[in-house]
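Chain nomenclature is as follows: A, B, C and D, assigned in order of appearance, with residue numbering initiated at 1 for each chain independently.
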Amino acid sequence: MAALGRNIKRSAFSMQILLKYEGRRALSGSSSLRSGKVGFIGLGNMGGHMARNLIKKGYPLVVYDVSNDLTNSLKESGASVAGSPAEVASEAKNVVTMLPESSHVQQVYTADNGIFSTVQNGTLLMDCSTIDPTVSQAMSKIAQDKGSAFVDAPVSGGVNAARDALLTFMVGGTEANYNAASEYLSCMGKNVVHCGDVGTGQAAKICNNMLLGISMIGTSETMNLGMKLGLDPKMLAKILNMSSGRCWSSEVYNPCPGVLEGVPSSNDYKGGFGTALMTKDLGLAQNAATAMKSPTPMGSLAHQIYRTMTNHGFGGKDFSSAFLFLQEPKKK
Amino acid sequence: MAALGRNIKRSAFSMQILLKYEGRRALSGSSSLRSGKVGFIGLGNMGGHMARNLIKKGYPLVVYDVSNDLTNSLKESGASVAGSPAEVASEAKNVVTMLPESSHVQQVYTADNGIFSTVQNGTLLMDCSTIDPTVSQAMSKIAQDKGSAFVDAPVSGGVNAARDALLTFMVGGTEANYNAASEYLSCMGKNVVHCGDVGTGQAAKICNNMLLGISMIGTSETMNLGMKLGLDPKMLAKILNMSSGRCWSSEVYNPCPGVLEGVPSSNDYKGGFGTALMTKDLGLAQNAATAMKSPTPMGSLAHQIYRTMTNHGFGGKDFSSAFLFLQEPKKK
Amino acid sequence: MAALGRNIKRSAFSMQILLKYEGRRALSGSSSLRSGKVGFIGLGNMGGHMARNLIKKGYPLVVYDVSNDLTNSLKESGASVAGSPAEVASEAKNVVTMLPESSHVQQVYTADNGIFSTVQNGTLLMDCSTIDPTVSQAMSKIAQDKGSAFVDAPVSGGVNAARDALLTFMVGGTEANYNAASEYLSCMGKNVVHCGDVGTGQAAKICNNMLLGISMIGTSETMNLGMKLGLDPKMLAKILNMSSGRCWSSEVYNPCPGVLEGVPSSNDYKGGFGTALMTKDLGLAQNAATAMKSPTPMGSLAHQIYRTMTNHGFGGKDFSSAFLFLQEPKKK
Amino acid sequence: MAALGRNIKRSAFSMQILLKYEGRRALSGSSSLRSGKVGFIGLGNMGGHMARNLIKKGYPLVVYDVSNDLTNSLKESGASVAGSPAEVASEAKNVVTMLPESSHVQQVYTADNGIFSTVQNGTLLMDCSTIDPTVSQAMSKIAQDKGSAFVDAPVSGGVNAARDALLTFMVGGTEANYNAASEYLSCMGKNVVHCGDVGTGQAAKICNNMLLGISMIGTSETMNLGMKLGLDPKMLAKILNMSSGRCWSSEVYNPCPGVLEGVPSSNDYKGGFGTALMTKDLGLAQNAATAMKSPTPMGSLAHQIYRTMTNHGFGGKDFSSAFLFLQEPKKK
């Protein structure tokens, strides 16, 4: 991890949201590109939608998942099914992976029947999982040794954004690999942002989620305090949102039931982004901060609070249920 | 304080930004209103500008401050100078106070030569200080006993907003008193928001500043961590601002030098809102939260961090210097 | 509160555990001292036992409580019952008060039928409640104005220590008043410590409880973590207690069930010192720290955790239930 | 790491402080045991003293360190010097390692010229470094594959305890390996405690240091607050130490200058246990807690505070300088 901070040039990063890529695709012509199979490993809530969007855009898919139900479902959508990650890698020169945690990524790439056991020269590996950036870097190193290329490309946006191809991808890798990956990622999302070298996609993702996790608890305790001090919650939200307390959590995703419609807090904290997942992301942020020797007092406390919430049965509720967790229970 | 939460009706609050008032002034006619003197006590960085804006709008002023320099300056602008708060209250039936802390407010209102020693029947007292809401409520109680009226009306916006009459006032008081106060407050600001009964202006103010204080430290540690992970700071800010980590502190007032122009972080953290003042406001929030039995883990930690910063010489720097305080020092 | 830090001489404090007093009583003769009635106000779990211990030592008592049940019970033990604090103060020149919170103390001393309405010249007022030290100082000021004397004398030790006259009293007041108070306090406890001027008894009490509150949560999370890492809890406790992690909470009052016998953790967290009371004491510590501008990051977080525990139904359990609150729930 | 919690039997741990071993040594006779060379790698502040104590007890030593100065110094004490860890392992069947961090341990054991490149069948490897318990477990796994044995045996006690052979060793490994290691460890310390399987020595060490790190900051802020409230520091320490706030940090190692003699706080925070090292240990605790999904709010905040202290120049001072870091600077 220490290498991450030291080795990366910090100057030339820029946000190239598809512009450059769009030009490139126009030149090279889309039909020829779509002749080769695309591999897809990890067909869960997010991955299933993402794979279907690639099919919709005309790519032939070869897929793998440990769940037969999930592979069967993709088979009905027109994908061919492989028996292992190795088989996917032997059939496709562009492979997308979408897996829950670092350990799954290590398994899928490095196990005996993993991607690296059969990966072809010139293959492009695109990992969309949210994992430890040092694992991304380790995978990239092995990929290079085998003559293939690797980018980390974690996503922002939930299940609905995955379904509607509205995800944002934060990509870490060389500029050439970023450009090559954009062809596929742009079929599954609306923004494909180049963040820097391998690992920086993960870095951007965990930074965003750390600040989000902090702001959400901050908004929750502010709303709770204001209401106990006699303020109407809708009014308090309006004052915050016209003032310097404004944040995404107060404005777009307010955790107090009844302030906004169509958000988890107004639907008993169902749907949305589960507290257990937020806890996992803040754990990645803490590991990175410890390795980087960077103090993150608020991120660290937020991690502990979501962890405690998970222990108290909030793991499956949206993370905005921090409002509920901190609230004084109603007197009966 | 306990009474605050219990006694206030929470339903009928609404944001009445001058609309109703504008109508009222049109009816009653402005010339007759301006025949009576307005009192102004507390002529510091903020109060001085505010008093001058009342003069500009045509109100004759009688002023008081412990500093002769400050009263002389207002005298040159056309105000008459009183020898004590009591003298102000004996000459004016509308009095504005703008003082640093709860203790000054108690002194100016209740001391032997304080406002309450001479206050007239029907006087309207408008306190624009940011103080403990229970002190506002105590002052209001005494005012009522003496046949006068009190509103708390703390401001949002800094010295420039005070100079340019662009402040936002958050007003706690009865609807009638809010309407009456709006005549004067609207001369000094662009928004005059009715928050509820006496004390709720203070409540709204400390809620906003608590969330602001949390978000600023959160943004600071996120920017620091991202940079150590190899991200360019301008790029990281852009990613945050197009994602769910977005907040006023990341977007409008970014604490990392060089990300935005014209903010304190790009001017050696000079100007802006001092860390010592933020510490004071978060102390008020903590006192309120303790009295209300409302948990505020992030607000509480933010308070402690700003307190520690103040002890380490950051009290006079803008509070966005949290970025600097948390940063690993550069190797020489 | 600011005055507290500034005005008190810090040099001459010493621990005078009854030695000096014992001599004094010997000289003056105990029988004559016991001719006057002692007043006692507040006959709850602690106060009831304390009052009975004074009776046992031969003092005639005049008592008051809002609860008739409690006063009747003391009547059976030989006390006479007064109709108000004022009546107590008119009959007794030495008065002990033992009340739940600052507001009750203010009420009992300053209300229309309060102690100060009838207090006699030369009366000694001993307040054993745990309250805000600034309230102690305010009561002392009024007492002085009325020709009487006041000491704050909060206790350490629980209901059993109260019953067995084994309490520790931390006394704030002049040396003369401390000596005079020791006669009565020593009948109810084994240690009577002179901490300094009025308010320092409270200061010592809240300092001790803040550190206790921190250590207990620290011990709880350490025991939880060690067990998840595969350590036997009794063994982990032994290692801590022979090492630098040792504290009262690990050694005498271990929060992990089964490590020690006869402590609340081995009795379903019943008995002991309730989480709600610890929350109250840490609230007093936070108010004092904010007023003193003294950073207390761990004390502040501990306060928030106990507050959250109280909201989640742990208020009536012993505060060592922090272990339970932080524990991952057992899989079923 | 997950395996650690699951696989270890929690029941049969017991503290077997040399008793069993003493018997064994008596039987086997010490002279024959001492015929074989003992390897020692890592001759820093701690390791140098430890190696010399083995020489004093009659063991022939073969040593390695990257610093020639350190190896030369041991040569003068009678050790033979090897050119690499591999050379040590080819000459000795009992090897002790004492290294700063996880990465050094991995390097010394697994590099091309590392211990595992030449380790003999039946060799006993004893790692006294404080590192991530999962690294200990990984080293043990490789050792097993090579027919050798591994124990983790981190130490408690500082440089003086190392010099005087008064360390405590917390040993993780099978009972047989613990017994075998005790022969050597007991020459360097007074307590050799069996904690359980491989990794539990590290677990016990980081648990102890986490609670120590928490208590020290807790004591520091309590002493600071008490002094601002007017209490004499020596007196406050006495009250804490006779009450429930008592802990090793208040009693044996008080962070307030002048309360105790012969501790770092009374020597400008020189000597003792550096803040940077405490930060490192709390980082290990955080990594373990995140992996174990065990909430540690106080340990987490303590980690952040020591990290911030290190950034502010306290890294080389004793960790009790938390008192200084949190203190309001003296007015000049």
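Following the convention adopted for this analysis, a residue touches a chain if its C-beta (ideal position, glycine included) is under 8 Å from a C-beta of that chain, and two chains touch if they have at least 3 such contacts.
Note that the structure is a prediction, hence the values are computed from the model and not measured.
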Distance-maximising chain from subunit C - centres being C-alpha averages: A
Contact-pair count is greater, between A-D and A-C, for A-D
How many angstrom lie between the CA centroids of subunit A and subunit C, rounded to a whole number? 53
Roughly how many whole angstrom separate the Cα centroids of subunit A and subunit D? 39
For subunit B, jot down the residues that touch at least 2 other chains. 293-297, 301, 305, 308, 311, 326, 328
Specify the contact topology among the chains shown, as one of line, ring, star, complete or other. complete
List the residues on subunit A that touch subunit C in their complex, please. 301, 308, 311-313, 325-329
Under the stated contact criterion, what part of subunit C meets subunit B in this complex? 279, 283, 286-287, 290, 293-297, 300-301, 303-305, 307-308, 310-311
What residues on subunit B touch subunit A, complex-wise? 4-5, 7-8, 10-11, 13-15, 133, 156, 168, 170, 191, 193, 195-197, 199-200, 203-204, 207-212, 214-215, 217-219, 221-222, 224-232, 235-236, 238-240, 242-250, 252-253, 285, 288-289, 292-299, 301-302, 305, 326, 328
